[in-house]
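Labels run A, B, C and D following the written order; every chain starts at residue 1.
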Amino acid sequence: MGMIGGGPGAFIGAVHRIAAFMDGETELVCGAFSSDPEKSKQTGELLNLSPQRVYGSYKEMIRSESSLPANERMDFISIVTPNHVHFEPAKLAMESGFHVVMDKPLAFNLEEGKLLLDIARKTGVVFCLTHTYTGYPMVKEARQQVLSGKFGQVRKVYVEYPQGWLSSFLEGADSQTNSFKQAAWRTNPAQSGIAGGMGDIGTHAFNLAEYVSGLKVTKICADINVVVPGRKLDDDGNLLLKFDNGASGLLFATQVAAGEGNNIKIRVYGEKGGIVWQQEDANSLHVKWLDKPAEIYRAGTPYLTSYASHNTRTPAGHPEGYLEAFANLYRNFTLTLKSKLSKEAPQSEWLDFPGIEEGVRGMYFIEKVIASGKSDQKWIDL
Amino acid sequence: MGMIGGGPGAFIGAVHRIAAFMDGETELVCGAFSSDPEKSKQTGELLNLSPQRVYGSYKEMIRSESSLPANERMDFISIVTPNHVHFEPAKLAMESGFHVVMDKPLAFNLEEGKLLLDIARKTGVVFCLTHTYTGYPMVKEARQQVLSGKFGQVRKVYVEYPQGWLSSFLEGADSQTNSFKQAAWRTNPAQSGIAGGMGDIGTHAFNLAEYVSGLKVTKICADINVVVPGRKLDDDGNLLLKFDNGASGLLFATQVAAGEGNNIKIRVYGEKGGIVWQQEDANSLHVKWLDKPAEIYRAGTPYLTSYASHNTRTPAGHPEGYLEAFANLYRNFTLTLKSKLSKEAPQSEWLDFPGIEEGVRGMYFIEKVIASGKSDQKWIDL
Amino acid sequence: MGMIGGGPGAFIGAVHRIAAFMDGETELVCGAFSSDPEKSKQTGELLNLSPQRVYGSYKEMIRSESSLPANERMDFISIVTPNHVHFEPAKLAMESGFHVVMDKPLAFNLEEGKLLLDIARKTGVVFCLTHTYTGYPMVKEARQQVLSGKFGQVRKVYVEYPQGWLSSFLEGADSQTNSFKQAAWRTNPAQSGIAGGMGDIGTHAFNLAEYVSGLKVTKICADINVVVPGRKLDDDGNLLLKFDNGASGLLFATQVAAGEGNNIKIRVYGEKGGIVWQQEDANSLHVKWLDKPAEIYRAGTPYLTSYASHNTRTPAGHPEGYLEAFANLYRNFTLTLKSKLSKEAPQSEWLDFPGIEEGVRGMYFIEKVIASGKSDQKWIDL
Amino acid sequence: MGMIGGGPGAFIGAVHRIAAFMDGETELVCGAFSSDPEKSKQTGELLNLSPQRVYGSYKEMIRSESSLPANERMDFISIVTPNHVHFEPAKLAMESGFHVVMDKPLAFNLEEGKLLLDIARKTGVVFCLTHTYTGYPMVKEARQQVLSGKFGQVRKVYVEYPQGWLSSFLEGADSQTNSFKQAAWRTNPAQSGIAGGMGDIGTHAFNLAEYVSGLKVTKICADINVVVPGRKLDDDGNLLLKFDNGASGLLFATQVAAGEGNNIKIRVYGEKGGIVWQQEDANSLHVKWLDKPAEIYRAGTPYLTSYASHNTRTPAGHPEGYLEAFANLYRNFTLTLKSKLSKEAPQSEWLDFPGIEEGVRGMYFIEKVIASGKSDQKWIDL
């Protein structure tokens, strides 16, 4: 594994590394951690990389690694840069034959996203987009139970992602703290694209809704707001949703719910019952029934589907969290990659990770949600 | 107190009686419990009423009671009939000088509601509309904390009312069960009016949002659905909201969230923090802060506002519930009534119960939400 | 119904009245509310009693009421005085043919308790001892599920009652507040007897353990403490328990868990699963299984036993609380009393309320727990 | 790092490896994974170890590694074998100059534990005993808040560890499943020592109580049971506790609470308030107050002590779990080890991990708790 981005002060780069290393099967062999070669070098040292495999740019990295013997060079690249530096490295990586793990959202805009899809299809690389929340075992269990049909047809999907950290004008601070850095690029159109919160966390909520329900959103009606004065991108959005089977729902994602952390939550109801899952109680899945007691499924227990069990490391009652969910993306990506390299058939559980199609779907979502927010038209097709 | 409606199998009539009697200060002296005189008589007997004060119709009751000496006749009338029998009894009651407690929603349609408002103003009667959830002490505490300004300006209001009991076509059953009876009139346009779920529980959610936030909804965008095949009125709705201070929000009310009871929930966020309250944990108020630990305020504790304390009967840790919340409406209505009759100034805590203005507001809500559901226009003024 | 005790500032007297009145079937007709006739009179006025039926002493009340025609006199007496004024009024009441509702614990000491049991048996009166927590519908559901054998043999019983209100030396305050009054008599050996917290809340925990498990405690080993300096009676106790079927368990009751309200909680585990109930979430019963998902039974739902349903007033999702649980004791006591008076067979659900046997059991508990606390012997028979 | 134990089917060995690797600073360089050289070899291959550093016995491993140049050989050894294979490897490791991470409990019996303490003191090695629960950031926060004195003197400590997995006679199964293997050695006196559940999870509860309260247990009174017929060691225990400051408390640990996972929980109350923490909600610390609202401290927030912050990897709202808590033990052990090797002063946060003294304390606990369980004497000194 090589890494692009993830230099000093980068939050998500460190998370990717922990996730990749957790099962002891992936090794970081090279990196271009910053556009500033000096910072890249520092990070490489901290990570005990061989200095000649710490690069000053992603181009240099891909070129150099490509020239190494196949059994020495990295197998795949993790791209953990801000959104405006997703497309070019991913394109070059894929065209050079490297598989890719990409932090979400896929690209700076829909156009780039579509191009990446084309390239991925042409090159046949394995591609993972890190919609972390689909890596939780109880989210996988939720999906399997909904898909099984036991609740009848899905009627309602409610998804929400409340955050509070952008309640004040953090990006206006005269500061070099990590929270300033995080706020600065995420609220900057030149780095994030046309969407702020909708791209950052709205896409997560959208992806989770489609993943768990097994449905596609067909129409949206969005109220998109810039709540904090001076901010350049949306920090709040409320959406009405319509799904391809006729179900309806709601999505909200906000960064100004002062006091909230990251309690992304999903509820799906069918004719006979439904499920509730939320990150603050990530190891439980609540299953509700019209005519019998609710049930609580717990991670690590023997009565779960293989999709949940495969993505669990600890026995029942020992909680797993965000890093393990993230690591499950890497686990399934690398299992799929290995099966591809060894030309063996992958298990269906291994293939269950978000890929480039989900990424393009997210880019559509961003484009349409911002358009809907500006429109007087009620419903917009997705 | 006299009662109109509340005969055999009536759910809400029994609740009104428990609520009215709880503090031992109100006595039921007469009633017209059913349009069927025989059923009215039966109910009167069960309630140990004097037979000559059990009436075959509300007209007879109001006429007869009016002719009694002032110190014998009932002071006020509780009207607990289906929506289509709200207007006429309330009009006659007020015009005959009786004060009124009315089950929500106020009337069959907005037109009736406005007329009742006029009559109430002209006659000067005390009028209570039973939006029960505003009777909970921790809802009152929530309102007081939000109004105090401690959270800064309100930015977000999320309110939801998920039920599941109408997930199947109950009203189509060949049945005389109570749930059939409840379903039958609530889904019948001739008895409920233009709205089903939006009138039944949507108005509660709407009222709660305005009550706790201290704001008025100015615009809505509604997605209104009839989910269960064969049903004649809406059983599901999702709304985008705009408030008069610029805040935005969401409201959903559904009767097809299979497995849900009545977990009405409200969240209000301001610049520095916010509150979360839900009926399933009615004795707690969660207060969240941008930069310090969340707090849990508990009913019955000494650190609450007078609005919460005044509406609590048990010491901290002994839960109160729906019936006590309902009883608080009666408590405050009767305290206000007594102060009026004795010409003494009421305490501000006594005046804190929903009245006819909230009722008219609810009728506007019903009218507009159904209109919005049918419209292609995004935002509709309220 | 007549009442002895429950004058100004009395907490539990007011609770008894609300509970008795809730279902509209019981009326307060007379009272001796205080040993101070003036205070008794005041309370009678507040309660709108006929002045000639407000008495200056319980003796006067029982004598006078006995002389009334049978259809006018009170049917039963609620005794809500401190512990040292339980025996004499109860004795006189029963010997005069009145049925009795007694606030717990039964008496000042075991000797008195046994005498009352003899009198109750001789006179055949209906007797209710207000162990409130057994009135909760989900506690009754818990008992029924355990008794059904579905969990196999019971192995473990954990019961706890944490309070914090006596964390400071309240009774030493120079004060006339209600909390001072409550603290003063409850920590005074002359009014409470040999036990403080063990009598006040320990007996509740003990009763709940035996009620839900269907077992009898046979041995205890107690660590009894006076934590707050200056206090005259125990405010804290920890117990090891042995049950008659070989199960073991723990009981703790404390009044110095600063910050706790009244979250009495019970857990019972059998060979295949178990139950968890706590007052802070009184409308839920958690049922746990060795090899399948936990279940949450909710009050008011159709899948409960008749014992739970009979003791519920509101539909699923509308919480009931402490007052409704208390009212269930009165409901079942009065239903049993009516069936006795009418010589009809009572339903088994009506007979399910705590009586004088539970009261004597509680007096044994108090005597033994205090003895064990002073003893170096490990186990003491109960 | 080298590892002793952790071969095929070993649960805790895998956990140690994940924990050690999580922060990317520790590498596994060698191992003696099983007493069966073939199995050791298999495990080594799976872990991509160099074949010549996969050993057939711990003796061979320690001998061979000792002969390597200092910059090549392992720095420390993780010993993850059953209890009866703790002493000898630890002794040899320490005497050969290797630092040690030992799975709990420290040894097979108290005698061995004391000898290891002597050796550790003599050799000056850094020693970590994996009492995992003290690695949770909110447990560290709890300890810091209690030690700060903000709650006044500690009065009550309640700790509990309910498990259900040994509710049936798993060890009697004719099986080679992992749960059979886990059950088999943990209930076998030849491998576990004199205690079953008390050694396995009782020691965790005991350690947590002393860690969070900052107190020492001075006396215990234990009821120790073998609940499941045929079992050779205790699977259940209830204890009364006395602490060195006069506080009292309870400890229970059971493996037959059918339906429970591993919800270890601790409550500590002082004069003015207290804390509640439980593993099922590991990222929250509930702080309760006598006279103000309870607070919920959440992991990853800026208002925590440095002890909590230092042991957190993800931003607020992204849950961490058991593996991260385990990894914190390794993090602090390795930071302390590095500071020792580099002769720099360690930060106080780094030194906050359980060591050999806690291990000996646990062995005392095991010895005394089993003795107390067999004794008729009420209190036994610890």
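Here is the rule we use: contacts are C-beta pairs under 8 Å (C-beta built on N, C-alpha and C of every residue); 3 or more make two chains touch, one makes a residue touch a chain.
Being a predicted model, the structure only gives us computed values, none of them experimental.
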How many links in the shortest chain of touching chains run from subunit B to subunit D?
-> 1
Of A-B and A-C, whichever chain pair has more C-beta contact pairs | A-B
Between subunit A and subunit B, what's the gap in Å when you average each chain's C-alpha atoms?
-> 43
Go ahead and note the Å separation of the Cα centroids belonging to subunit B and subunit C.
-> 34
List the centre-to-centre spacing of subunit A and subunit C in whole Å, with centres computed as mean CA coordinates.
-> 55
Residues of subunit B touching 2+ other chains?
-> 260, 294, 298, 301
Spell out the part of subunit D that touches subunit C in their complex, as residue ranges.
-> 151, 155-156, 158, 164, 167-168, 221, 223, 225, 227, 236, 238, 240, 242, 248-250, 252, 254, 256-260, 267, 269-274, 288-290, 294, 375-379
Flag every residue of subunit B that touches subunit D in the complex, lowest number first.
-> 287, 291-298, 301-303
Would you tell me which residues of subunit B are touching subunit C in their complex?
-> 11, 14-15, 17-18, 21-24, 28, 47, 163, 165, 260-263, 279-283, 298, 300-301, 313-324
